[in-house]
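After this come two complexes, each holding chain A, first together with chain B and then together with chain C.
Coming up: the complex of A and B.
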């Protein structure tokens, strides 16, 4: 895809332009032993709270960046001005496939959420827990005796993909195939990503056709039977929902598992605290969500907006990075310190406003299960000598080559 | 200002004056009431401002909309007295409202 030439729109005051990018700012490109979330907390010290980054998307477009948690809430709570419908697939693949409900604005948004809530409710997550735990245990028991593993490929991704297949009602024998797409989709070259996106769309189309021929009580079966305001969902809506859940529920969970174990490998004192007090795992998972958030909320202004005297024009992209809001000193005392028992931890790792994550109950449970079972079965672990995990920024922050050792 | 009482699961009472016209969730978050998160800011997308309404008050609140009822499924162990307090708009008639906080919001 051609990179757009960075153009600074005329309405952007030059003193608000910063050389900032989720791909290129120091610590954002793949970095051995990095800490990409901490690498961005300088914005709170250097200001300004709202600035313009001329090339800050995967395809080189400029965005505003909102750094303060309070300001992000203001943006995210105003969908009439800051739309979530960015035409992600149209831009990437030339296909009109809105991801539902992420790319639907209120009031329609609410109707889709009401439909999907029961699929990811606490009760439903309770019902998925045994299967998810069994998947975690099977993976861990598979590499435990080797004394070492590469967390992302051996644990985090297969675990997240397995739980996702369980959710979809797709049999586990397709796991490796799915893993391959997920790898290409989230970590491949741009061409690999686009191909993987197409493959995922086609897979989901196939699943919809299959369920039309052979009805079953699973995710797609549920959507085929659904009624929204007196009509069934269209195939395009079902596809948009299925693809969104794939995009939103895999990479994020795997990255969180990776960052959490990376932290514990580098902070043996914290690791020991969790071993000594299993009740601390739950608040610790929240603190890791806060400190190692991985996503940004990207919105497109559909009307001009006066942001404390700064003009955001219709058409501008506005980025609200969670990893920056979650290290805002106005909200979190000593934000760069990881405090496993942090009090009143009102982080926005699951976003804010109408599009706040639908799958948070499941994601939290996956992280708790993952850490519980890992700590219960693997003795004290560290980064394997002679290896260096590589962290990176981008649209979703992540980590790879996380080789742990417990020999 | 309207006085609203919050009872923690352990039985402690915290009382707040919330401005007329605000939602209970906004008032609680502003004052840092532990146990009310309001992750979505009142958009009915998170169910992290779940409360139990004291029996004496249940019929005195406007009924929950279909959207709120649907969202209550996302709360932990909701009951017939459950509400999302982002949907409770404060007015003088609610002075003295008693709400019990759930054990947890997620």
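Coming up: the complex of A and C.
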């Protein structure tokens, strides 16, 4: 992918340009024992609430950055101006494959959500709970007696991938293969990423063909039978939905598991509180979603928009980073303090507006199950001496080499 | 206490439902049912927490309606 030269558009006032990037701002590059979310909360102290970062995408494009929660709310609740159709696959692979419903705007967006919401509603997630819990337990029991594990590879990723396969109705035999793709896709070199994206697209195409030949009552079977406004879904739509679930549901869940256990390993008092009071795990998971959120919403303005006297022009990219809004002191008192029982926690880890994460209910259930079972089965744990977890920013914030020890 | 629901603002986060499923009822898609909610006596504090948990601010307490 060629790097675009940073160009500051003429309508951007120079005093609003900041040297800011999710890849290069201090704390964003891979950092031993880092805290990348806290590393960005300085923007609230230094202002301004809206600024322009000239090279702030993986391929070097400029974006506006919206820092306040209330401002992100008004941007994300206004899809008529701020479109989420950015042609992600077209840019990366030259393939016209809109991810559905993420890259669809209203009114089509509502049609897709109406179809998909019931599949991932809070009640439907109840029905997936037992299978997800069984997966968590099996993984934890597998490394418990060793007294140590590397959380991302031994627990977080296999757990997230296993639940995804369960949802997809694909046999667990393929878990390691999927793990490899996920690893390449989310952590590989650019070539590995593109190859993994192609592999995933081909796998999903194969799954659709299989379900056409051998119908089954699973996710793809449901999509093949679906009726939207009097017509079936096209193969491209089904593919866009299936690929989005892979792209959105694995790395994010795994990273959240990692950041939560990283926090608990470094804050034994919080770990003990959760051990003493299991009812606190649910609010604690919400607090971790707030404080350690990992993604940004990227929108493209399709009309000019007057942002309190600042002109955002059609064509501009607008970034709404969750980890920054979630540390806005106007919305969250004492935002850099982690308060497991925090009330009034209207965080935006799953975005605001009509594109609210479709999988949010499953994701939070995975986190609750993961923490419940880990704390129930593993005694007091800490970062293994002589090791240092490495955190990083970027498109999805994450953590690697998280070696815990409970000997 | 009466809670005003703005169903067109609700995006199905279901944070209110997680706190108080008996007060905040959802449709099969996981979005709040339309219509004002009359909170049963004794559940006002819980209802208020539900209102304050909404990321979209789709719930508000109607002023002057919570006496008695």
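Keep in mind that, in the parts below, the second predicted complex is superposed on the first by the 407 of 407 C-alpha atoms of A that agree within 3 Å, B and C clash if a C-alpha of one lies under 4 Å from a C-alpha of the other, contacts with A are read in each partner's own complex, and residues count from 1 in each chain.
Keep this in mind: a residue touches a chain if its C-beta (ideal position, glycine included) is under 8 Å from a C-beta of that chain, and two chains touch if they have at least 3 such contacts.
Keep in mind the model is a prediction, meaning the values are calculated, not measured.
K.L.:
Taking chain A as the common reference, can chain B and chain C both be placed on it without clashing, or not? Answer clash or fit.
P.N.:
clash
K.L.:
Taking the superposition as given, does A:123 touch the first partner, chain B, the second, chain C, both, or neither?
P.N.:
So A:123 meets both chain B and chain C here.
K.L.:
If we overlay the two complexes on their shared chain A, which of chain B and chain C does A:294 touch? Say first, second, both or neither.
P.N.:
Touch partners of A:294: none, neither chain B nor chain C.
K.L.:
For A:350, using the defined touch cut-off, is the partner it touches chain B, chain C, both, or neither? Pick first, second, both or neither.
P.N.:
In the superposed model, A:350 contacts both chain B and chain C.
K.L.:
Where does A:319 make contact in the superposed view: on chain B (first), on chain C (second), on both, or on neither?
P.N.:
neither
K.L.:
From the superposed pair, tell me which chain A residues show up as contacts to chain B and also as contacts to chain C.
P.N.:
After superposing on chain A, chain A residues 73, 77, 113-114, 117-118, 120-123, 344, 346, 348, 350, 352-354, 356, 360-361 contact both chain B and chain C.
K.L.:
Quick check on the complex: what are the chain B residues that touch chain A?
P.N.:
Residue positions touching the partner: 29, 32, 34, 37, 39-46, 66-67, 70-71, 73-77, 106.
K.L.:
Using the touch rule from the top, collect the residues of chain C that touch chain A in their complex.
P.N.:
Residues of chain C touching chain A: 9, 11-15, 17-18, 26, 28-31, 49, 52-57.
K.L.:
Within their complex, state which residues of chain A touch chain B.
P.N.:
73, 76-77, 106, 110, 113-114, 117-118, 120-123, 344, 346, 348, 350, 352-356, 358, 360-361, 364
K.L.:
For chain A, which residues count as touching chain C in their complex?
P.N.:
For chain A paired with chain C, touching residues are 73, 77, 113-114, 117-118, 120-123, 282, 286, 343-348, 350, 352-354, 356, 360-361.
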